[in-house]
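Sharing a structure below in structure tokens format, with a few things to ask.
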Amino acid sequence: MLLHKSTWQEIEGYLGRSRTIVVPIGSNEQHGPTGLLGTDWMCPEIIANEAQKSADILIAPTFNIGMAQHHLGFGGTISLRPSTFMLAIGDWCRSLGAHGFTKLYFLNGHGGNHSTIEAAFSELYAEASFAGRPRGFSCKVRNWWELRGVMSLVSRQFPSGHGSHATPSEIAITQWAYPDAIKSANYAPRIATSGPIREATDFRARYADGRMGSDPGLATPEKGGELVAAAVQALIAEVQAFDAEPASPYPG
Amino acid sequence: MLLHKSTWQEIEGYLGRSRTIVVPIGSNEQHGPTGLLGTDWMCPEIIANEAQKSADILIAPTFNIGMAQHHLGFGGTISLRPSTFMLAIGDWCRSLGAHGFTKLYFLNGHGGNHSTIEAAFSELYAEASFAGRPRGFSCKVRNWWELRGVMSLVSRQFPSGHGSHATPSEIAITQWAYPDAIKSANYAPRIATSGPIREATDFRARYADGRMGSDPGLATPEKGGELVAAAVQALIAEVQAFDAEPASPYPG
Amino acid sequence: MLLHKSTWQEIEGYLGRSRTIVVPIGSNEQHGPTGLLGTDWMCPEIIANEAQKSADILIAPTFNIGMAQHHLGFGGTISLRPSTFMLAIGDWCRSLGAHGFTKLYFLNGHGGNHSTIEAAFSELYAEASFAGRPRGFSCKVRNWWELRGVMSLVSRQFPSGHGSHATPSEIAITQWAYPDAIKSANYAPRIATSGPIREATDFRARYADGRMGSDPGLATPEKGGELVAAAVQALIAEVQAFDAEPASPYPG
Amino acid sequence: MLLHKSTWQEIEGYLGRSRTIVVPIGSNEQHGPTGLLGTDWMCPEIIANEAQKSADILIAPTFNIGMAQHHLGFGGTISLRPSTFMLAIGDWCRSLGAHGFTKLYFLNGHGGNHSTIEAAFSELYAEASFAGRPRGFSCKVRNWWELRGVMSLVSRQFPSGHGSHATPSEIAITQWAYPDAIKSANYAPRIATSGPIREATDFRARYADGRMGSDPGLATPEKGGELVAAAVQALIAEVQAFDAEPASPYPG
Amino acid sequence: MLLHKSTWQEIEGYLGRSRTIVVPIGSNEQHGPTGLLGTDWMCPEIIANEAQKSADILIAPTFNIGMAQHHLGFGGTISLRPSTFMLAIGDWCRSLGAHGFTKLYFLNGHGGNHSTIEAAFSELYAEASFAGRPRGFSCKVRNWWELRGVMSLVSRQFPSGHGSHATPSEIAITQWAYPDAIKSANYAPRIATSGPIREATDFRARYADGRMGSDPGLATPEKGGELVAAAVQALIAEVQAFDAEPASPYPG
Amino acid sequence: MLLHKSTWQEIEGYLGRSRTIVVPIGSNEQHGPTGLLGTDWMCPEIIANEAQKSADILIAPTFNIGMAQHHLGFGGTISLRPSTFMLAIGDWCRSLGAHGFTKLYFLNGHGGNHSTIEAAFSELYAEASFAGRPRGFSCKVRNWWELRGVMSLVSRQFPSGHGSHATPSEIAITQWAYPDAIKSANYAPRIATSGPIREATDFRARYADGRMGSDPGLATPEKGGELVAAAVQALIAEVQAFDAEPASPYPG
């Protein structure tokens, strides 16, 4: 069930069945010579949308702009500052909490988002902790490639050249979902270098075409389809377990 | 051209042709008994995506969560506070400005966003004004229903019962684009009441099913298609005029 | 009744009669070759002070610095950033709300303030909406020239050359109230050009003497007196109607 | 010279003669049974306006709302939070600095403002210090009663019962300036108690009619006139000395 | 009793005896040619730690970074902006208040902190005042040299050359506590100049070796020991009086 | 070399040898029935202070309050909100960067700090990235237990009962450094339960005495000494490698 294609009354109906919602979250940032700028928000969106076709889980609109400051040296990247990102995540969560959602599950598509998302959750909890009251909802973030079974599939599909940015696995997923938008390019070296992530000027100087450790040419739509299937299965199981988790043990 | 389905190199290529970008912006909020929660971000996204099929204009990912605090009493609404919204708009614009975009055109789908978007633009300009330097880019916001020719078509399509929230025109557009998500409901009175907009508790007490002044049952996919066609034509003309506007006259 | 010339006990007495207060709000910014820097805060102050002489309405001190970033290229302009302006409006309103005022009416003298004032109101409402509680007060903003009857008088007084900044109507009002501060200057062209409003550097390059579309030399103290009289009458009626508006319909 | 009764061209002319400006700053807060709510911003405004009649000094509009959180338990008090106050002072100063003012002198009427004004100045300096650049302007705050000669006059006028809030000296000044707004009331004890200043609930419980240590009935318009005369003389001397202070010794 | 060398259960036990806590607070900033960068946080830490050896008072960890923007031109200075400092003080106080501490006593070692600490307290009180509720705790700040009896001892020890920054008294205290870190240097003039405090660039240009009005060579460990003894005695008395102060008089 | 026991001239001398500084950072929070509230800031302080005895590395004062919102249900915990923590880290780093430090190494003692510290670094980098300029310094954070060789030693010392909060390893380190502050307590079960970390109310309900998965009674001062020795060796190597890392490859 897609929240944005539902009426408010359908959502209030859903809340009678479950208090859990899945928010696809990512980033809009350069993904090397062949990756789409939307890769990191498209991947969790694709997986979540597939998942809701075979299970009664609710998917929120996609949070499509994240923390991508280091990619700002490449055209088309759009980033929030971490502090802005935290405020926005906070308002999303407070909105959902106001409707009675108690389990907020973020399916993340960008590793660079992870720390800031965790900090945003802590900020939300802190608001309650300083007031000495329950928060009313629990937050969880999961990178899609860390869903059970996905990383082992990735290792089989791409025994070398996977890397950490503009990876063939994420590009394969977008190829599977958007075959009209498959790109090709000549790039060298075949496997990009790796190193630290700092400010945008430093990043562009280190990683000339935007890749980090990857050979995105290994991506195929078929591999993307396999990855989506694995991720969907694991996502449904994890969301259902989160949904089933008993309420907080606090006394009143 | 969709930014998120492009590579960074394609965007840098586009910047050689034009410095203008269109950002669909809206809100995810209740739209009465038959309107989709995503109506306000879907409408500008639909129009913008159609427009780029027939003109060389660049469309950013959709800014899908806006200022909908008054709708928080209805399940599924997600809102940013105005202050958060302004910070996020600011970071989007600074990101785009960093790549060399000089004309940032926001196609807006939610009237309640308008003041805050304007305030966000002023905040961006103020940053430059206090520093005594040029901003480097110009911002413009346009509600899709204020595009030339659209409101007169709306008046012909819906001589009564259009109202101001959960209107048949916006619902018609989503029906045209997403025929699988057409909803029906019994509601009364046929035309909802109107009045002021304040906090969410007040809003829900005044407007029991979420509509303001509208009879959304008048919507049809056909009318939606007509509206999109009119809006697309006007959007292209307006964006091209903005693109052609000479640079700021400041000395240097 | 002027709040600042009253004791706290007189205000608590007033609150037994009415819960409505009028806040004159404007800006301190360049007003062309003959307009006073204080024009935009003086006009609502003048009108409000006149109004309280003939009706039992309470006037707050004047909020004299607003959102004038675009005028910072001209000496003497003092501006808040929109974000600061919103915080300050918020604290004014929370202060007044804490005393039991439930209707906060802002009489505005600067068009450039309008969006940010609306955004500030939304921020105040959002605070309540996220908490699921009533706000406790309602906010309204009215530009003095939009008071019933004023704009039609303006059109009769200044059939051409009114423009949108450093207008003869606002200057006429300050001439009527402060005849000792009537200025004259040679300027050309007689009617200034119009165009967009962006950052301060752009503004000064476009509008060399600060006027936008106006011929302020048309102002006379007599016309100012007529404008004040019309505005006072409409203000009293509008404030009384706001005061009489029934409380919010929310249940508890 | 009053900034708000000048044109921008007159201000740019003044800047050719002097780079110093005086900003009256105060608070709008309860002042006991007979004091006006505006007392703390009226006093510096009165003194500054008198001073500019006999010396070529420039007076800004009055910053009329300050840090009065402790008085919020009494009707009519309007306060900024310290953080808001600092942001607003910052924007005033940056605006003035942008025009070339290098000496910003705040004449303060409310003791409770003092620490926050100093903190605001430090915030402005810190902005430059972190960037390793000159600030471009210097800030100074002076409570009017600390002007040379004033406190000794106060001691002669009010050997007992002066106190620290709703003092006869400040009330005398407003009586001198606004004889139409002289109030009387029965209050007891004749001299109010003193003690700490904390949150508003605590304050109202400690100081039932709002006074702290004072007997405001000792005020007369004549004493007010004497105080204004003393303050004006000292203000002019101090402002001229500030204006004459050589520029910062930093190398470049 | 040192909080950080206690378990949480020991603290909850202490709260059964007293609701008062002492927070040493200072700054890490240049202290002239012979003073340690940590001088301003070490002094209150030393005094507080001594005091808890002879009285049942609880000492928090040291708040070691304060408002030292003006010293940023000298290597090793670490400063918070005033706005950051206020937020951090706020979180410390809210944390302590959440545990039931009702008297928060800050022993300050840096004059430049004082205004910002006061502003931070006002921000905390304002939070309660706007909400119309009690704050729940009271805050007090005391510079160690203003403890009863200390300044008179200082005057006897250093009849000339004490000055206001890098003073022999504060350096004597660190010499007494850390005899391994006594520094010597040639400097001239023997007594440094005095003047205003503004941004860092200005400060370094005015005060070449960092001293203001002082001759730190007058410091000896013995004088430091005398100062600590005097301060400890006064601190204990003042903290016990604060602890004994009756609760706020507010009704409920 | 301890920064706070140095003069500013000694620091400027050090900067001629190295541009790297180590900041011990932790938290002040409950550590179960026998752990000190200061454990998490004492551990990195102890290790860093030992390290500078045998290598020429510079240690900053300890950043002793971190992100411990979940522990606020236990007496003595002091926490910053993540947003405050980020601002404070930002000001520390900007201060150090202003002096010419280019490698800022944070030795962290609290796992709960990690995400927020990373987010703070991203905020600092983003400031530069949005401006299109180099940041000027690089930041690195390392949890002391993740230093090379430490976790394997921990596994040998505590094959079971190590857990994740109030662990015997961290308590052992404080026992070694502060033998006067070794605590004992009866607690049950011997090994505490584990689970999620959310707001403080939830945390205290789940973890009655504050431990998570640990048996702190396994700690001994001897094991602490071994841990410190291992950590010191690895810290020195890692800091020297960071110091030796070549400057950013960006062109100018």
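Observations on the structure shown:
Per-chain residue numbering starts at 1, and chain names A, B, C, D, E and F are given in the order in which the chains are listed.
In this section, a contact is a pair of C-beta atoms (placed from the backbone, for glycine too) under 8 Å apart; a residue touches a chain by one contact, two chains touch by 3 or more.
Values in this document were obtained by computation on a predicted structure and should not be read as measured data.
Shared contact partners of chain A and chain C are B, E.
The greater number of contacting C-beta pairs, out of the two interfaces D-F and A-F, is seen for A-F. Comparing mean CA positions across the assembly, the chain most remote from chain F is C.
Copies chain A and chain E of the same sequence differ by a rotation of 120 degrees once their CA atoms are superposed, given in steps of 5. Per-chain CA centroids place chain B at a distance of 46 Å from chain D.
Note: centroid distance chain A to chain B, computed from Cα atoms, is 25 Å.
In chain E, the residues that reach two or more other chains under the touch definition are 72, 79, 81, 83, 91, 95, 98, 129-130, 132.
Annotation, chain-chain contacts: A-B, A-C, A-E, A-F, B-C, B-D, B-F, C-D, C-E, D-E, D-F, E-F (touch as defined at the top). Contacts from chain B toward chain A in the complex involve residues 3-12, 15, 28, 30-38, 41-42, 60-65, 72, 74-81, 83-84, 87-88, 90-92, 95-96, 98-100, 178, 181, 183, 185, 210.
On the side of chain C, the complex with chain B involves touching residues 67, 69-70, 72-73, 79, 81-83, 86, 112, 114-116, 118-120, 122-123, 125-130, 132-135, 138, 196, 198-202, 204-206, 248-251. By the touch rule above, chain F contacts chain B in their complex via residues 129-130, 132. Residues 91, 94-95, 98 of chain A are the ones touching chain C in the complex.
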